[in-house]
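Think of it as A, B and C in the order they're written, each chain with its own count starting at 1.
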Amino acid sequence: MRKFIEKLVEGGLLISGSISSLAILLIIVFLFKEAGGLFNSPVVEEGYVLALNKDNPVKHLSPEKIMDVFDAEITNWKELGGKDEDILVFRFSDLTNYYPEEELGDEFQYVPDKISELVNKEPGIIAFFPQQYLAKDFQGTVISGDKITPADFFAGTEWYPTSTPAPIFGLIPLLLGTLLVSIGAIIIALPFGLAVAIYLAEIANIKTRSFLKPVIELLAGIPSVVYGFFGLVVIVPLIQKILDLPVGETAFAGSVVLAIMALPTIITVAEDAMRTTPRAMKEASLALGATQWQTIYKVIIPYSISGITSAVVLGIGRAIGETMAVLMVTGNAAIIPTSFFEPVRTIPATIAAELGEAPAGGAHYEALFLLGAVLFIITLVLSITVEYISSKRKIK
Amino acid sequence: MIKIDAQNVDFYYGDFHALKHISMQIEAHTSVAFIGPSGCGKSTFLRLFNRMNDLIPDTHLTGNVFIDGRNIYDKSEKVDQLRKNVGMVFQKPNPFPKTIYENVAYGLRVNGINDESYIEETVVKTIKQVALWDEVKDKLRESAFALSGGQQQRLCIARALAISPSILLMDEPTSALDPISTGKIEDLIHELKEQYTIVIVTHNMQQAARVSDKTGYFYLGELIEYGDTRKIFTNPEKESTQNYITGRFG
Amino acid sequence: MTPIQHLGNIDRKKRLSQKTAFGSFTFLSYSVVAILFVILGFIIIKGASVISWDFLTTAPEEGMTAGGIYPAIAGTLYLVLGSSLISFPIGIMSGIYMNEYATNGKIVRFIRIMTNNLSGVPSVVFGLFGMALFVNTLGWGDSIIAGSFTLALMSLPLIIRTTEEALKSIDDSFRHGSLALGATKLQTIRRVVLPMAFPNIITGLILSIGRVSGETAPILFTVAAYFLPHLPKSIFDQCMALPYHLYVISTSGTDIEASRGMAYGTALVLIAIVLVVNLLANALRNYFAKKVKMN
């Protein structure tokens, strides 16, 4: 009996032991399951049809081109590789401009035929209307059967997830926004982080250390939403005022807040790395007449460089994945950033801001999961990099 | 000529009284061995001469230590200047994770020498001085970690000699080495004492007898006996010394 | 060999460079301290005037520009409790397995890499995952149970790692001593190893509570309610939570300017939780450290 219980507990321990591997596996499965659906989604909003005149040589349009057409940025088919013909944009609501209401029937039963007729008649038309009004013998080119392609997402330079008729999910502006804010954060945090790490590892006495360590722990413990709030009410107005900007919500504000948040990670990991320098190594240097500072930068830092690198990589990882604080201070404009002092939007902030409005199972929802998958892969690569760096250190 | 003069030295680790009113005079160009059982204070005493104990928090010292007539614990004394003059070799070989060449050049560089031809000349000279040249002359730019333990220790001696100290402290320099490497280092010590004042802590009494002119015997933080090595090993005054060197305890 | 006399003046240079370097490190270190105190001080001063008994015990009113934050406090409490019930046992058991049972170095290494990876996963990804698995696939909907599971998963790496480290710090001689007396492995762990590791494990648990109570992104799509004047009735209900509440009233409330006061108060409550948690963890650590010393 006792043996049986013992076996049972051991089984439980074994299962618990595999929990993190299981969790990673589940995250991958669910993230990619939902995300993969995006490339099965039609280019055009579901339930709608986008059609062209059958003689129009243009047979496919990318989501970005569709948006340009409907925004009247592109007005001639020549620009899309077609004939020299003006584009006639037809939205379903325009129908009554072409046909008086009585011709459409009491229950709109003649609408499909009328649309069909119109598309055949107008060589330059691009028509957008609900699926239910697609005539059985429709002769135009239906281009809404196209699927969103990986290139549309990974190379897309615009993010308009709710634009009609074709939402645009382009990763590039969000990815660049994320990288800009994170790298800015690391550049700001690095001098502080390394200085504190060196101070704690080599300069501070026990008393100062026992004061500073809890301070850094506390800094790590403050919730990101509080950092975001502080950023919003203090740092953002300050930046706006000092730099005389039209808005304070900028990539720079995000970097400042993230820098503070990444500090504890950088400090702790770098300090631990410096502490692994053997005492014999330090003593050898000091015994040769080197000052403490010379010993630090000529012996301790080179010796612990892989650990310091890990600290930086982990800090970047923390910054890239941070959501709430960034969401609250960067202004969230989904455009390719051209300056540090403009609003930007990051991947995590996009997910947090838009998932609530995206209907489950729709293309927008799937696109947000794909963003999550991209984020997951970036942080996974960073984690593995750290793992690789520290395993190399052990061999040495 | 008196090189090192310790007067009434007491040393504490926190509350622990590690050295008890020790006075000792060491003459220039001699070699002195410190012997005694583990924890007797001999290493602590050695590390006072280049103020290495400063690195340990919560320690303090009373009494005076003079080197070349200067009180090295005086407030105005600069510890890095002192250490340039008092070289040290440690128990375990501790080369830096740098090349063989850069290990020897390190002391010169941290002391502000930028003249590359002077550095190279000195590196070659000191590596030859420790009889390591033939073994490493083709791999000066390789990592010092690739050397054997004995070679590493001779490299560490070369590193200490490169900045031309007048005193060389050796803290059990051969305890981590095999007998052949030990023999080479002992030969080296013999040669070096012509030019340097050498203080060596050792657990190995034959070694003390072989390499030193004078020997100090430490026990429980006290200097029990200090005198000519030959006299200590043949006719010690104190019974405690007699017991130790004949191996009755220790 | 000729002594290097001409080194004399370099000493001053290198000492000066040390002084400059150390001076700037000290300055930078204390500016980090200053940053913390500015943040804490700002929120405490601005928030203190808002905090009152009513603020802590009544629901928000008038479009969350007045009233209190009681439902959010209660919600956060539920979530902390719920996620702890899940993550503590699993995390501790996982730590025990890693340090005491797993003998194959490759498996341990693999699990450790996975745990590290899990701790690197951004919180918003946990939110996405929780939504996909707990809310949609398992059909729990936005609920306390879905939020608790998501938060529990997120706090696992911290608990596993602190447990593992606490166990690792216990010398093998204690285990051998117990085993030599005929105790089984499990008895040894339960009666010798765990009691000794307990203080460090509990510190890890307390810190994980602090983390869980402040997280927003994982609960955004799994449980958090924008506004809910009453308390949830079951674990399948939504609830409010402090961090989400702070986010809402500082960025998208009905009247952001009017709810600033409420926001300062909420931020102060969150900060207070973090302060208490950290102080508690530190106090426990010191208390047990002293006790061990005395023994």
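Simple rule for what comes next: a residue touches a chain if its C-beta (ideal position, glycine included) is under 8 Å from a C-beta of that chain, and two chains touch if they have at least 3 such contacts.
Chains and their UniProt names: A = Phosphate transport system permease protein; B = Phosphate ABC transporter ATP-binding protein, PhoT family; C = Phosphate transport system permease protein PstA.
Everything numeric here is computed off the predicted structure, so don't read it as measured data.
Annotation of subunit A and subunit C: jointly contacted by B, touch as defined at the top. Chains A-C form the pair joined by the most contacting C-beta pairs. Chain C has the Cα centre that lies closest to the mean of all protein Cα atoms in view. Most remote from subunit C, judged by the distance between CA-atom centroids, is B. Here the spacing of subunit A and subunit C, counted between their Cα centres, is 24 Å. Chain geometry summary: the mean Cα position of subunit A and that of subunit B are 60 Å apart. Between the CA-based centres of subunit B and subunit C the separation comes to 50 Å, rounded to the whole angstrom. Subunit A has residues 291, 294 in contact with two or more other chains. Shared interface positions of subunit B, i.e. residues touching 2 or more other chains, are given as 80-81, 84, 110-111, 163.
Residue positions of subunit C touching 2 or more other chains: 14-15. Residue ranges of subunit B in contact with subunit A, taken from their complex: 50, 52, 55, 57, 80-81, 83-84, 87-88, 90, 92, 94-98, 106-107, 109-111, 156, 159-160, 163. Touching subunit C in their complex are the following residues of subunit A: 6, 9-10, 12-14, 16-21, 23-24, 26-27, 30-31, 33-34, 191-192, 195-196, 198-200, 203-204, 212, 214-219, 221-230, 232-234, 260, 263, 267, 291-294, 296, 314, 317, 320-324, 327-328, 348, 351-352, 355-356, 360, 368-369, 372, 375-376, 379-380, 382-384, 386-387. Only residues 14-15, 17-18, 21-22, 24-26, 28-29, 31-33, 35-36, 39, 42-43, 89-91, 93-94, 96-98, 100-102, 110-111, 113-118, 120-129, 131-133, 136-137, 153, 156-157, 160, 184, 186, 207, 210-211, 213-217, 220-221, 243-244, 246-247, 250-251, 260, 263, 267, 270-271, 274-275, 277-278, 282 of subunit C touch subunit A when the two sit together in their complex. On the side of subunit A, the complex with subunit B involves touching residues 205-206, 278, 280-291, 294, 298-299, 302-303, 396. The touching residues of subunit B, when paired with subunit C in their complex, are 78, 80-81, 84, 108, 110-113, 125, 161, 163-164, 166, 195.
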